Amino acid sequence: MLAVTYIPYPSWLVPGDNTWQLTAATLVGLMSLPGIAVLYAGLVQKKWVVNTMLMAFTGFSLVLLVWILWAFNMGFGTNPIGGGGGTGIMHFFRDMVSMPHPITGAAAEQQQTSSFSQTFVPFHFPTSTFAYFQVVFAAITPLLFLGSVIGRIKFKAWLIFVPLWCTFVYAIDAFLLWGGGYLASEGAVDYSGGYVIHLSAGVAGFVAAWVIGPRLAKDKAHAVPNNLPLVAIGAGILWLGWNGFNGGDPFYAGVDAAAAVLNTNLATAAALMTWLVIDMVGSKEKKPTFLGAINGMICGLVAITPSAGWVNGLGAILVGVIASTIVWFAWNYLPKIRPFSKVDDALGVVFTHGIAGLTGGLLVGILADPRMIEYGVKGKNYAGAKSSFVSGLLYGGGFHQLWEQFRAAVWVIVFTAVMTYIILKVVKFICRGLREPDEVLAIGDLAIHEEEAYPRETFAERISSVPTRQDDRV
Amino acid sequence: MKLVTAIIKPFKLDDVKDALKQIGIQGLTITEAQGFGRQGGHTEVYRGAEYSIDLVPKIRIELVVDDSTVDNVIETILNSAKTGKIGDGKIWSTPVDEMIRIRTSERGSDAL
Amino acid sequence: MLAVTYIPYPSWLVPGDNTWQLTAATLVGLMSLPGIAVLYAGLVQKKWVVNTMLMAFTGFSLVLLVWILWAFNMGFGTNPIGGGGGTGIMHFFRDMVSMPHPITGAAAEQQQTSSFSQTFVPFHFPTSTFAYFQVVFAAITPLLFLGSVIGRIKFKAWLIFVPLWCTFVYAIDAFLLWGGGYLASEGAVDYSGGYVIHLSAGVAGFVAAWVIGPRLAKDKAHAVPNNLPLVAIGAGILWLGWNGFNGGDPFYAGVDAAAAVLNTNLATAAALMTWLVIDMVGSKEKKPTFLGAINGMICGLVAITPSAGWVNGLGAILVGVIASTIVWFAWNYLPKIRPFSKVDDALGVVFTHGIAGLTGGLLVGILADPRMIEYGVKGKNYAGAKSSFVSGLLYGGGFHQLWEQFRAAVWVIVFTAVMTYIILKVVKFICRGLREPDEVLAIGDLAIHEEEAYPRETFAERISSVPTRQDDRV
Amino acid sequence: MLAVTYIPYPSWLVPGDNTWQLTAATLVGLMSLPGIAVLYAGLVQKKWVVNTMLMAFTGFSLVLLVWILWAFNMGFGTNPIGGGGGTGIMHFFRDMVSMPHPITGAAAEQQQTSSFSQTFVPFHFPTSTFAYFQVVFAAITPLLFLGSVIGRIKFKAWLIFVPLWCTFVYAIDAFLLWGGGYLASEGAVDYSGGYVIHLSAGVAGFVAAWVIGPRLAKDKAHAVPNNLPLVAIGAGILWLGWNGFNGGDPFYAGVDAAAAVLNTNLATAAALMTWLVIDMVGSKEKKPTFLGAINGMICGLVAITPSAGWVNGLGAILVGVIASTIVWFAWNYLPKIRPFSKVDDALGVVFTHGIAGLTGGLLVGILADPRMIEYGVKGKNYAGAKSSFVSGLLYGGGFHQLWEQFRAAVWVIVFTAVMTYIILKVVKFICRGLREPDEVLAIGDLAIHEEEAYPRETFAERISSVPTRQDDRV
Amino acid sequence: MKLVTAIIKPFKLDDVKDALKQIGIQGLTITEAQGFGRQGGHTEVYRGAEYSIDLVPKIRIELVVDDSTVDNVIETILNSAKTGKIGDGKIWSTPVDEMIRIRTSERGSDAL
Amino acid sequence: MKLVTAIIKPFKLDDVKDALKQIGIQGLTITEAQGFGRQGGHTEVYRGAEYSIDLVPKIRIELVVDDSTVDNVIETILNSAKTGKIGDGKIWSTPVDEMIRIRTSERGSDAL
């Protein structure tokens, strides 16, 4: 390799790492588009397919712009607004984010990435790579909680809600847990977003469903999905795309990335089979269902997210089994009690993302194996001092990590809930309401977009726009 | 015997079916239909081109009933399908010569 | 890394670069299959779905064979047919391509790639990688203009048209702009194919639609799409696949690849939102539409293609906004005037690819930022002399680049139009006509392929082929 | 690159290789989910869509667990059960597998991978990477033969069949041909699984279809597919995913990986066009069909699998043309004669995978070009002694390789057939039958899963589970 | 002339069609329908929520026949559509005033 | 009153609908149907296996009309649906006892 005659890289760049990071980011992007867009499109009623897909595409686009124009630097900048000083509660409130500013300049795009948290591990790729990897995470989060509010949220309200939420909830949680903020510095960890993304999406979705109010009673009572193969397409892309989601989070194409990928798949397989088996022995019908299996799959993916590279293979399987079991019971029993019985979380995001993410986040405190090393590794280049690992209760870490995970969970739940509520009130004010009127809801896509998911050509007659040529052959 | 045919709004199907069950109707057949009438259709726009769809989705209910029940059936449908808005649909009845249950070859009222 | 004990690479190979290039190529391949195949399948009338998909699959296959058997070396060979000498107009016409020959031998597949243009930047992967990366670009081009001619082109004519077009249009434009030919040597640039692919596809599609004639008047008047979720699947794969399309074009997994990926996403998000907003405020219905958003998305992807790694982030956003706006107005007003009112470009390829590609190509001359460096970069390995960058009007480059971009555009438009016309006349002669007969067109898929997109089992009775066993259980 | 200041890798790890291997594995995973799941879902009757998809998702999950818990070490462990000694027939039967044990521990996941066969080529990534790459191959195999048994196999039987088959057939063949077992040591080769995966899947599917018995006569006679665009999605993902399938098998992101990718695409394009042309000139209807083209495509992908990096480009094209032609005739004529006329291999897996895999495997013995080098390559790092290449009959290798390929094929066919038969008898005993009852088969998805693929909301009335709120707005 | 309408089980369509062809019937029209009757519907479960579908898929056959053929036609449908299980469906006949073939404007029996 | 039922070729729907509008018809109901008749069906080939589809897609139009309008309506459909090729379809009319508009409970001609 040394004989390579022309080296077009700056000295800090490693092409293998850059490739992995860009590939992983692309996989995560695919999880949103077309992944979540069609997974949700398949799950909603036929009359909501177009609306659901368009909210997914616009949500993704809006976060991209917001992120690059200001929010990336809020979460991953080098310059905490409070200056980075202070301790305890001061530290916490003074430094909830870094200074917002765009990364659209030539220098910003091309220089080696660094964030407030990267004091000891320099990443070997430019800011463009890092920001793009981070933005696909930021963008999938609103798409996840979209599942809670479909079937009644006003389209314009969505277009305003997403940028505000990304700025005032996501960027802050990202800074606190990943960007070097208080929670991170205290020791709470979140490998790839069990809290920042999934728990937060579950809570935001639940609160939003509550604030916006339920779907039409008729829609709720007839809420059959419209297309299961579409769900399969989305689900398959989610599963394999998650290799990038979790595999990309060491930010090195090293040993831990590989372990994270393997563990993600183990947890997911275990969770899918767990839900299936409980369905077969424990549900009223005692039948295996496809959508049940997919629910289980999602639980596994979500629950392993906070710990993917910090548990060993056995831990990963346990995470899958435990999370799937807990969410199965939550899914089947919680809707009967308050507040769940009062809130119409249409696709159940609070369960498959909220509770699964919470379960996974707490399990880090129990199952993390300190021999799983994120950066430093045994061997010739062993970097003991800079090694990054986590010890759970079962591996001699005591209750410390569990406590940190618990505190972080409380923060994410409370902060997300409160801020989501406030933001929605603001959006409601701006948009004069958060819901489409009932007569629009009764119709769905056709009323909002004048499009339907599966148009029937037989009954359509073109009336305007491009004139039909007179001389067309018939 | 009479064949009662009703064209109704799709979302009224459950109500009509329940109401008919209540008065003892044991069977009926439905087809998905498209109606053209006073109720306007709608426009769809695909890639900037407008298409006019002047047909609206309807449910078509058919049921053969004894002469004695016809009025009651019609009344029941009328009440349960009405919203008062244009497009509620129609009911018509036509004479039936013969009605047979395939399973048993029973004829007439026994076949209902 | 130095401790690696066994090195199975030749000295010129960098595994990170090779990986990135193969990954990028695979992403671009996915844009065609299933990407474009299902995007278009969703947009056409139900009766044309099978025909559209089969043309996509066969078009892709034919280009693959043509490319490896002769056309790759025409575009990217080391040996211009005129010997590479001459200046000005002589240079231009003597050296429009390199000598065609196959790259199917063991030596050709395995050696370090090099092309006539690579005098200063050696790529660190073999010819197999380079040829494969280039072929997925060559293959998507006919698939794009397929959108102009669906619904009437004779299937056999398609099978002949594609290889001829690839040979006599694509390979030549590729040589002139990328392979070291005249336009490139004069300074015209095309980062990933805004001209070679998109402008050319738009022009070819438009000319082909004109030569072949319009669809049946009935089909044109009832041209509602059949499946919007299918469009979403194709669109999502296109967007994220474009990370490989533009990210692969520095041919190094370096800084500029990352910037190109980020810029591509920025432009696309901006373009999608731009079209959506114009639809909401400027269209007759004042409604946001899903297919409108997808049109905007494609405009962004196409328009950023010629400049992805040469503009900064702000430039990328501008490219998206400008291209989407221009194409929106073109889409809504040009069809009313000649020649657009006379030509049935079924899916509007001339707008979303032709005009968007042209806009993007010219914007290079305005927005290219010389601080965006394709190969040489600041830092320890800074290779000043070999740096590759472009200066637009707004960044001190004067009108030079704009003029070169303009000249190249004129060439691509005129040459593609004339050659496409000639090739179609030849194909018409060979196939005795370019159109399926009208009675076939009235039926569509069933008449041409005896298949339909969504068969209904209820009414099918097997009559032949494999005999049904007598002893089957019922 | 040397200036990189922080190296978080062990000395044996190359990030470019690790990235390629993880990317390739992800592509192969996508071939199963959603690839095969939706390809098959589109091909079956509407009433079997859900069942087919759920068997794909569960089959994939089960193999993942089985593989990591014991089977990976059976196929790729370092410790043959017989101790690795003995010669000839002794060698063969004593060492059919390595010792089964899990790789779920922290050490196992993170250490450099090694297997019994890797005496001279150390791979530059951890066991997690290698095991994950191998498991996506192991997992797709049952999904392939699922196509033979859909439409009647008992769902529970599937859940038991898959783990047993993976353990007692797949792991053994993998060891014998890839893990350093007898067939490999004698010289038989299988680049990426033409035998271990495709031939074996074809045989297993055929035997299983025979043992389980045919579908209902009615289903067989009305076996029209339900959704061709779904087939297109699956097919496109298969094709491009195969870049990882074959490109990943040198286990280095080097020259041969690139050649394997290019050759795979060449063979596939040639095979697709071959089937299409034979359909156009040789079928009764003389029409090009989409599903015919897809059959041809699969033949090409499968047939190039055993030789992808050992033939040159011309060889690859020949492989595609020959395999597609042979399978076309087999597909159209063999079903008329026994035993094919007696066995209801629903989707024809024995043809497109079995016969195509066999053809490709034998062609290695004819077309392998010794100048195609898997590991050692010319240049500064040329490792002559450790080079890995194969010589076929046409390239001076004589009949040796052909004979080895033939012997290996005989083994795979006989062993797979016998073991599949035995396993199914065991499963039949455990599950009290292998078939769903006929009244269940008459209904399909709704009877087994209480779900259907495309539910119609109009006629659904929610009756239980989550209570509908009384206070919902209407 | 009479209009004979039959509601049958979908998988019986081929048999009925063949039987009618045998007795010389040259034309008929079918629509996909949903029946409600003694035959129970079924339950579907999506993500744990149960939905009751009390309508079962049926095929609706319509054919206009000469008065002289009616009995034979009914008999034929009865025989070919019967499985003996609940839900086999119904046949009814209604009087027809006029029957015209669009292509030729022929009326009455000639139009069949 | 009469119920006029017409079976036509799908691509003729627009023409027929327009023609009926012209003569003042204000409402009708259509269903998608499949016809079996002199017009041959077609073959479909999936993966080499041939399937015969002897049913062809048709549109079924139903409209209840006053006795006085029947002839005009039939004439109009005849003219607008005719292509002269086999498969153009049929028109038949049957007697109607009663016709009611659901929205208003109007009966008879008022309900049209």
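Each chain gets a letter, A, B, C, D, E and F, in the order it is written, and its residues are counted from 1.
Just so we're on the same page, a residue touches a chain if its C-beta (ideal position, glycine included) is under 8 Å from a C-beta of that chain, and two chains touch if they have at least 3 such contacts.
If you're wondering where the values come from, they're calculated on a predicted model, not measured in any experiment.
Chemist: Touching both chain C and chain D, which chains are there?
Modeler: A, B, E, F
Chemist: Shared touching chains for chain A and chain E?
Modeler: B, C, D, F
Chemist: Between C-E and D-E, which chain pair is linked by more C-beta pairs in contact?
Modeler: Result of the comparison of C-E and D-E: D-E.
Chemist: Using mean C-alpha positions as chain centres, tell me how far chain B is from chain D in Å, no decimals.
Modeler: Measuring from centre to centre gives 53 Å for this pair.
Chemist: Which integer distance in Å separates the CA centroid of chain C from that of chain F?
Modeler: Once rounded, the distance between the two centres reads 47 Å.
Chemist: Counting only Cα atoms for the centres, state how far chain E is from chain F in Å.
Modeler: 18
Chemist: Name the residues of chain D that each touch 2 or more other chains.
Modeler: Expected reply: 3, 7, 9, 11-17, 19, 23, 218, 222-225, 227, 233, 284-285, 287, 289, 291, 332, 380, 450-452, 455, 458-462, 464-466.
Chemist: Spell out, as numbers or ranges, the residues of chain F touching 2 or more other chains.
Modeler: 31-32, 34, 43-46, 48-51, 54-55, 94-95 - these are the residues of chain F that touch more than one other chain.
Chemist: In graph terms, nodes being chains and edges touches, is this line, ring, star, complete or other?
Modeler: Topology of touching chains reads as complete, every chain touching all others.
Chemist: Under the definition above, what is the set of chain E residues touching chain C in their complex?
Modeler: 10, 13-14, 32, 59
Chemist: For a test of understanding, state which residues of chain F touch chain B in their complex under the given definition.
Modeler: 1, 3, 17, 26-32, 64, 94-103, 105, 111
Chemist: Report the residues of chain D in contact with chain A in the complex, numbered from low to high.
Modeler: Counting only chain D, the residues touching chain A are 1-19, 22-23, 25-26, 29-30, 32-35, 37-38, 41-42, 49-50, 53-54, 57-58, 60-62, 64-65, 68, 102-110, 125-126, 128-129, 131-132, 135, 155, 227, 230, 233, 380, 448-458, 460-462, 464-469, 472-474.
Chemist: Looking at the complex, which residues from chain F come into contact with chain D?
Modeler: Residues 43-51.
Chemist: Quick check on the complex: what are the chain C residues that touch chain E?
Modeler: Touch residues, chain C against chain E: 458-459, 461.
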